Each structure stands twice: as C-alpha cells, then as structure tokens.
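Next up is a structure, given as structure tokens.
Note that the chains take the letters A, B, C and D in the order they are written out, and that residue 1 is the start of every chain.
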Amino acid sequence: MIGDDEIATIFSSDAELKRLLKVEASWTRALGNIEGAPEAENVAQTIETLSLEPEDLTDGFARDGVVVPALVKAIKSAIGLDLESFVHNGLTSQDVIDTAMILASRDAMTVLSKRLIHLDQNLSALFKRFGDTQLTPFTRMQPALNCSTSTVIERWRQPIPRLLKDCDLITEQLSVIQWGGPIGTRDHAKSQALGAAFAKELDLVDPGEAWHTDRTRVSDTVNLMARISVLTGKLGEDIALMAAMGPGHIALAGGKSSAMPHKNNPVKAEVLIALSDLAATYHSGLTRSGRHEGFRSGQAWTLEWLLLPQMYDVAGTGLNLAATLLNEIETLGR
Amino acid sequence: MIGDDEIATIFSSDAELKRLLKVEASWTRALGNIEGAPEAENVAQTIETLSLEPEDLTDGFARDGVVVPALVKAIKSAIGLDLESFVHNGLTSQDVIDTAMILASRDAMTVLSKRLIHLDQNLSALFKRFGDTQLTPFTRMQPALNCSTSTVIERWRQPIPRLLKDCDLITEQLSVIQWGGPIGTRDHAKSQALGAAFAKELDLVDPGEAWHTDRTRVSDTVNLMARISVLTGKLGEDIALMAAMGPGHIALAGGKSSAMPHKNNPVKAEVLIALSDLAATYHSGLTRSGRHEGFRSGQAWTLEWLLLPQMYDVAGTGLNLAATLLNEIETLGR
Amino acid sequence: MIGDDEIATIFSSDAELKRLLKVEASWTRALGNIEGAPEAENVAQTIETLSLEPEDLTDGFARDGVVVPALVKAIKSAIGLDLESFVHNGLTSQDVIDTAMILASRDAMTVLSKRLIHLDQNLSALFKRFGDTQLTPFTRMQPALNCSTSTVIERWRQPIPRLLKDCDLITEQLSVIQWGGPIGTRDHAKSQALGAAFAKELDLVDPGEAWHTDRTRVSDTVNLMARISVLTGKLGEDIALMAAMGPGHIALAGGKSSAMPHKNNPVKAEVLIALSDLAATYHSGLTRSGRHEGFRSGQAWTLEWLLLPQMYDVAGTGLNLAATLLNEIETLGR
Amino acid sequence: MIGDDEIATIFSSDAELKRLLKVEASWTRALGNIEGAPEAENVAQTIETLSLEPEDLTDGFARDGVVVPALVKAIKSAIGLDLESFVHNGLTSQDVIDTAMILASRDAMTVLSKRLIHLDQNLSALFKRFGDTQLTPFTRMQPALNCSTSTVIERWRQPIPRLLKDCDLITEQLSVIQWGGPIGTRDHAKSQALGAAFAKELDLVDPGEAWHTDRTRVSDTVNLMARISVLTGKLGEDIALMAAMGPGHIALAGGKSSAMPHKNNPVKAEVLIALSDLAATYHSGLTRSGRHEGFRSGQAWTLEWLLLPQMYDVAGTGLNLAATLLNEIETLGR
C-alpha cells in the first residue's frame, strides 16, 4: 500500500545509470557537433551501450561521494586514448548528476500530473454518484449547516486546476540542462553553441548559465509536491472524520480489525494523513538542502538526493491511494 | 539584531485591529452599495472610528478562539438595532481574519520586495568595489580554481531576479478577498456583485469563490520566503567560511570576543545561517498548516497564524542583516 | 489564550540581564574566594546593583553577536582599574550566557513541573466527576467497544508519572555551571576549586568540564517538552473528536461562532493540537541546533536561543490550556 | 556509502515476518501455560514454522492497514478449528506489531551501542596517533587559541559516555511487551499471569499495562538517535572545516573530483553533515507521530512506522561512516 512502483522505477539505480550514460553521450555528441568531429558519434554510441551495472560504481561512489569519476573512468577505458577528449571534457560531476536528476524529475512530474487528472476524474465520478445527496460539513470540528454533497466534492477539487497548471509550469521550469564545469563558468570558446547543442540532444533548454547553487527549481518542485500531499491528506482526513461520524456521512469498503469484527477501519484515509505529515516533515529538510555553500556543496546536495526521491514517492503514493480510496466509497451523504 | 521592526509593526495587534475594522467597514459599504442603502456609509464610518483596544477583545478571543464574535458585538453595540443588518451579515469569522491577513501579507510582501532590491544594490556596489580582485571559490568545501571576485558576486545575485519576479506574482496572487460565509457557499442573491463591491472597497480582486480550506496562496508565499532565507543564509555561510579562511578571502568589521581580543567573529553571518535554518524549521509546520479538515479548520488555521508572522519576520530580518553585512565587508578577494 | 506570561517573564530581557549580572557577580565572588581576596565582595555587589537596562546593550549585541562584551565593559567602567582582574577573568561569553540559560531553564522547569501536577489534579477531579459514566472510545478513528469513562481518563494520565519523574531528572541534569574559558580548557591553577566555588554561589553543581559544544542537556530538556506537548495535544485531539461526535461523548462550555449560533467550537482543544504540531516543528530546529561546529558555534547557538524559549512557551501554554479545558467539560460519557 | 546493511536486515520484511510469528507463537505458549493446555505447544510450533512469505500478506495489508488480520487468518487455516482459541485470542493487531517493533528496536539498539564503542575506540586510536600535535581550534568560525590535538579529540569524545549509558537505559526501557487487547484493558481473568508468561517467552518484561497511545519509549529512543546523529554530524562538520583550512589542520585520503584532480573532497564528512540534518528533519515527524488520538491511532502509528526504521538507518549509517572517516585521517594538527 505504501510505496510507489512507478516512481521507484524512475529513481532506481538502473534507471539512474542509464540516464547518466545518456547525459554523457549527449555531451559527447554536442562536443562533436560544435567541433565538427564526426568520430564523436562512435564514442557516444559506445557510451550508450556500455555494459555496466550500478554495483560496478559502488566503490567509486564510496570513495568520491559521486559516481561520476568512476563512470568516466569506465567510459574512458572502453574508448581509445585518442578519443578521450570527447568524454566528459568541460563537465563537472554535478553537471551530469543534476542533468540526470532533471530527466528523472521530468518523468516523475509526468506521472504526478497524470495521476492528478485521474484523481480529478474519480472526484468527478463521485460527484455524479452522490452529488444529489445531503451532507453536514464540519467547521472547526463541529457540524455546521447542511449542504449538498456536491459542495463537499467541489471543495475537494478546488486546488486541482491550479496544481495541474503548476505541474506544467514546473515541468517547463525543470526542462533545462545543468552545465557549468568545475566552477560554473562554462569555460569553452563556443559555450553558447555547446550549451544549445547539449540541450538539444536531451530535448531540454539551455538556461544560459549553471545553477549549481541556485536550487530554485528544486524548491518550487518540492513546494508543488507538498501541496499535492496536502490535497490528498485533506481527502484522507475528511474521509476519516466522516467515517467516524458513521451513517449519513460516509461508508467505506475494507479495513477489517483483527480483534473487533464490527469495525471497518478507514485505513487508506489514515495512511493519507500520515503521508501528508511525512511530506511536511521532509519539506523542512528539502528547504535546508537548498542552501549550498561555496560554488558547489556536497553536504546540501547529498541531503537533496536523500530526500527528493522520497518526496516524489510520498506525493505519488498519496495520489494513487486517494484515487483508490474514492473508489471504495460505498455511500456518501444521506 | 534579531527581529524586524517593520514586519513586527505590520503584524502588531494594533495594526491587526485596524485591518479587521477596515474589512468589516468595507463589507458594510459593499452591502449598502448592492442594496442601494446609503445609510450603510454611516455604519461603515462608525466601524472605522470605533474606539477599541486589542485588550478589549482578549476575553472574547480566549472564549471563541477568534476575536471576530467579540468585535462584531462591540460594533453592534455602537450601532442602532435597525442598522445591524449592515454589520457582518453574510460573513463568517474566517472571511474577516483571512482578508485582514491578505492586507497584512500584501504590506509585508512590499517590504520584502523593497529589501530584495536593496540587497541587490548592495551586491552591485560590492561588484564595483571588488569585482576586479581574485578569489578562490570552494567546491565541496575545498579550494577549487581561482576566479574573478565578480564571478562570486554574480553567483550570490543569481536567484534575485526570479525572487523579485515571484514577489510580484505572489503579491498579485495574494491580492484577493476571502468571502464564503458560514460554509463557504456565498449565500446571497447578488453574490457576484457583492463580492466585486467588497473587493473594490479593499483594492483587492474577487477570486470568485471562498478559499477557506485551499491555502495555496499561503503555501506559495511561504515557499518564496523560504527561498529568500536560503539566499541570505547562503550569503552568511559563504562569508563565514571565507572569514574562517582569512586574508585573501574576506575581512569584516565588527564582532569582538569577550575573551580573545584578536578575534573578529562573523556574527551577522552566523545569524544569517541560523535564520535560514529557522525558516527551514518553520516550513514544515507551515506545510502542515495547509491541510484544513472539513469546511474550516481551527487547528490548522491556528498553526498558520502562529507561524506565518514569524516566517515574515525571519525573511525580513535576514534581508536586512544581509544588506548590512555586505556593507561591513572591508576587503574581498586579493 | 496563546502565550505564557509566567514563562515569558522568565525569558524576558529584564530577567535575563539580572541573571547575567548574577552570574558575573558569582564568578567574582568565586575568584575572590579562591584567591583569598575579600575586596572581590565589593566588586560583586557593584555588579549586582549595576544600573543597566537591556537597551543599553543593544548596540553591543548587534556588534558582537552576544551581549557579554558590552556588559563586561559596563561593569568595568563602574569599577576601579585595580579591581578589573575580578571581573569576567577566565570566563568566555558562552560561559556566562549558558549559565544564565541554566538558571532560566531551572525556573521554567519548575513551572512546567508544577503545571503537570495541576493538570493531573484536574484529571483526577474529572475521574471523580465522570468516572462512572460509559464511553465508546475510538480505535483507528472508529467506535470500538464501550468502556468506563475512568478508562479513558486513566489513558490520558498514563504518561504523567514518567513526565514528572523526568522533570526531576532533567532539572538535576540542568543544574550545572558552564565554565571553560576561551577554548573550554579551564586554564586556571586552581580550576577545580574555582569551579566548585562558582557552582556553590549559584546553587549549582560543577560537572567538572565545559559543555560548550555538548548540548545533551538541552536536547534532553527539549525532548521532555516535546513529550509534554504530545500529552496536551492528545487531550485536545481526543476532546475535539469527542465534541464532533456530540451528545454521549462530551459537552464543553464556550466557543461561539460569529455566523452559526448553534455551534460550540472546541477552540481550546484545537489550539492544543496546533501547539503540539508547533512543538514537533520546533523540535527539528532544536535538534539541528545541537550540532556545534568547532569549539564554539555562533550559528548553532543562535538557533538554540531563537527556539528554546519558544519551546518552553509552547509547552507551558499547552499545560495551562489543557488544565483550563478540562474545567470546561460539562459532561463526559453517558 | 549511504544505507546501513545491518540495520536494513533487522527491519527487512523477512525479519519482520519472523518476529510477528515469534510474537504470535509466544502468545500461544503463554495462553497454554496459563490455561494448563499442553496442546498449545504444538500450535506454537506450527506458527513458528509456518511457510509464509511477506508477499502473501501484501493484499491483506492493503485492505486492513496492518498485516496481522491476514497473518492470523493464515495461521488459523494451518491449525484445526478446535485449537483456534490458542491463536491471537485476547490480542489486538497493535499488540503484535508493537511487540515485534520492540524486538527489532532491541536488536538495532545493540548494533548502535556496539558501533558507538567502536567509534570511541577509533577516537582513542586517533588520540594515540596525533594527541601530541598542536591544533588551532575554531570558535565562532574563527581561529581561536592553539591547543593540543588531544583537546580536540577529547571534545569529540565528550558525549559518548552519556550516549552509551543512555543506550543501556533505553534498551532496558524498550524491553517490554505490548499487550492490551482491543481497547487496551487486558480483559482476561488471569491478566497478570498471562502478561508475565507472554513477556517471559520473549525475554521481555511486562510493564503491567498497555502503552498503545503512550509512545514515551519511542520518543526517548528517537531522541537518543538524534543525539547520535548530532555527534557524528559534528565530527563531519569539524573535519570538513579543518579540511577546508588545509595543511596543519587535517589531511584525508580519498574523494577525487571528476574535473579538478588536485582536489580531495571530504565526501564522508559531507555525508555525515547531511545525515545529521536528515535526522533533525525526521525528528519533527517522529515527535508528531507520538500523538495518538483515541485508544489507537492508525495515522500516527503509520507515521511512526514510516520514519522509525529510517531514523535507525540514519543513526547507524552515521556511526559507520564516522568510524571509517577517522581511519582515513592521514595527518591531524601540526
């Protein structure tokens, strides 16, 4: 129930390794392109088809704190010395890792967006099934005034249009290469053309400068996911409260107790609340991770890696669970 | 050094009481306007000039959890029974408090925006003074390659244009009335005209529906402030690290030790780091406060009140301190 | 309703200044004692009766990041040059501030302890009034099996004995001087006797070494306060849920709505939940503040100062509110 | 480098399933013991040797929010109807899960304790190697006064004795059964003897009452782990700062850059800082998870499950990494 297979696949070691090779190959092609060197294409193909497992990079990761040095070494050992200048030349590790993170984030954002639409469809179906019943909503934990159940469902849907719009905006904001080189200064005679070529290979945009220490894009993405978790958490909390009130409010399928057969625990609703609290918890660490000292920060960057995939997982799991929970509603209102 | 007078004034009890009276008076005028009742203007003026101190509402706040019932009672006792229908009629407490919060936030956002510009000007002045010296920036806590100090300063300025743009976007997003009535359904025959009139009185926009439980605007504002704190925290952290490295990196005025006269502690830089960690801490509570159960949540809303002014204070203090710290730089680079 | 006068008085600028003077005077007496110099007593009395307002130290605080250098300067200017060696000699700022924090914490812990006992008495009174009624407790947000209301109240009281015991343990753990000097090495020929004398003057114990960067005592205190907030938050959450269920569960006095006169909002219960979420929020920042780099950290220490009084305030406010809320219970069970 | 195999094994699904079966079997034996029914032993052995994979319980978990109902069903289907009264009779799901969590925590605490001792040994070895060199420690990010490197190492070791003592205290505090039944009231004629027998089977103690909603033990354990992460995070931060200062402070093995061969990144030190920030982040969620509404809370309990193993992992990884990092110190001081 907890954990998101689709998101987990995106952030798996296998997928990450493929992305890293894709980024290195794209850079090689961009260099070949700018320098008019057709032999770079062979190098790029060698990189893309390199036979490598995540485990092959474990020692290097432990030694260097990033996998890139070991990866570059593996690539170079598969390529003649005379072609080494087409490999990683002008990149720094963070360029590669951040660009791969961008590719993963773009995929994950597509998943979230698709699920938001699915959740909205389930809410729409609920509206059709129960929009004509009556409900007594709560304000400040007290029964307020009767209203149509449709009003309740509209309230649940309220943040979704803006979330969907922001998914698009964030995806666009995220669709950029990271490139700066060792100290972020893009030291290359044709840096503009090289950035453009690198971006084109990856179907991304060149923002015109490195953003090694400016994590605005990450912060805005995380804020969006926090808002998604607030939405699904509210669904859980409202449904758990309604379930506590019993008949005339909501009836759910599922959730048997091991000791009290009469009970029907709103387990998915509870998990949604927990996931929303978890997203709020992670949010503080991710905000902390936005402050990168100097020109590149290992500590802040590591914290970002440790939490960002978890945040996607929490947001994605919540959207899946919420959509399922809506389908388990047997009656709503009276 | 810690604490922001300008922000504190905006969120003071006195200013809040004035805003609440302004919101109630604006509602009275809007009702009079829609219903063609010129006598409402007198009521509105009575409300605006009501002689009331924050302390007069303390008991009511403790009893009701919001000051509005006591405030409305005080207003009504100053007005003839026949005119009571122009007072708070169709509003709920949260409409008043949230609209007043909007007015405060708009003022606070103007302060932050102005200070961001000021900080950027100080960075620009630093660029002029020291742009031609050389520095050795750090990557992963290690000296990397020499570069011009101008590169370092450009790195510090990098997030500012986007922050300024987002200040404008957020201010626009925040410039809305809150109005829904008891269960958010705007039960009034001419609700559209009434919403428009209420908004016009306050120089705000009517978003067309209540947002009692949809705190997207607050979340986005908080995210912006977190990003501001990350910016000023990075300035502090970089300057503290440079100060640790000593001559050839940075020299600062101020910061004497009580026990070691040779020391020059980078105290403002340290405080900037602490404030940035504080903003990250608050962020988690504010994200939690976005989840409002039912049609209005006392618990989430209280948490929002408890943290939002503090977040403005932290962001504002950080911007002030950072601008001052830049002025205390005596040498930068070599 | 929110904010704790008794705790606020302990952490006020006036009280802090008095504590700082008391610590400096105690150090002077300890030096006089160890060095057999009766003239130190006059110096100590001059320190204790120094005419100084918190505002007099504001500039120094802004410049030095701690008030101690300005305070020491003010003390020295009130004392002849020949007696200066009895002032602050061998101390560092953090020795003074941390020892003053200890004195404040001990006072605050006494307040919390007293209130915990008071809360327990109110729970005991509730037991007497309603122990014989029946209630249906909730498990996983669903009505479980009927039980005696006494069972519910016992559940609420369950954490209190351990909390009280830990209040005593923590108070003992906190009753220590901080003394290390510039780099924590207690460079004095008779350091053992001097530490003992300093501790005796303040009715504290000498732990035998400085703890400038070992904040175990603070972490354990904060953990205790977090547990207190969890206790009062649970009271609030349980009572709010019971109030939502209505007759047969609980009836409360107070909490009128401005728009729906039939409602009786459980406002104190809601605030208790918010305060408990606030304590959880602060906890992360306080844990962060426990990591002090080097031999003394300005950044971590500042963060501790910014959050520790707030944590006491939240714990204290919660205990007060919870005790009051219990008194507002009109019926419990059926 | 990140992730702790030993801790992960303890919290793996396989190990958890074995623990759950062990708890159920122990309960069966305790029932048999109290009721003088030797046939219970056969049932217990059937439970312990039940052929079951974690995957067999996935559907049940998704449906019921805990695996116990599905587990009990699987057990009962392996046992004759006439013996069903020896299976889970008088337990509730939370009794089983919490008691299993206790068994896991006890194992994990043993791991942490052992590693703390190992870390202390490495610090002692460092003391022997470098105790006679000189270092300039930092206070407030500035070089303070020279001291012996032994002083620095003693500072690092300072929190360890208390941590070790608290590991023992917490382990003792954790060595208890959870048993209460559906509403925590231990409804059994011989509840005292049954509790004692159950505890004895598991080599635990019976605390005499259920602690379904009193998570003091968990909070105190988490606080201990936060303190461990603060210790290892400080080691990382101090070493990273010393490495930034360069020769005369510290020299480390490892940490190559992909772009700047002259650099030697202090990667393990950086990761230790990140893990310490991560522990502070998790702390807020874990404190939140201590507030269990009603007589059993699905939402708070789920949050606890989601974060507690992660907290053990972070504390354990930090201890391992810190010990390794100390071994990679090539020179310390001058």
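Here is the rule we use: a residue touches a chain if its C-beta (ideal position, glycine included) is under 8 Å from a C-beta of that chain, and two chains touch if they have at least 3 such contacts.
The structure displayed is predicted, hence computed values, not measured ones.
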item: Chain pair, A-B or A-C, that carries the greater number of C-beta contacts; value: A-B
item: Reference chain C; chain at largest CA-centroid distance; value: A
item: Inter-centroid spacing, chain B versus chain A (mean Cα positions, whole Å); value: 29
item: Distance from chain C to chain A - Cα centre to Cα centre, in angstrom; value: 40
item: Multi-partner residues of chain A (each touching 2 or more other chains); value: 65, 92, 138-141, 144-145, 182, 240-241, 255, 257, 260, 265-267, 270, 277, 280-281, 284-285, 288, 297-299
item: Chain D - residues contacting chain B, complex; value: 138-145, 240-241, 243-246, 255, 257, 260, 263-267, 269-270, 281, 284, 288
item: Chain B residues within the chain A interface of the complex; value: 65, 92, 137-141, 144-145, 147, 151, 155, 158-159, 162, 182-185, 209, 211, 213-216, 219-220, 223, 226-227, 230, 233-234, 237-238, 241, 276-277, 279-281, 283-285, 287-288, 290-299
item: Chain C - residues contacting chain B, complex; value: 1-2, 61-66, 68-69, 72, 88, 91-93, 96, 181-182, 236, 240, 254-260, 265-268, 270-271, 273-275, 277-278, 280-282, 284-285, 288-289, 297-300, 302-303, 306-307
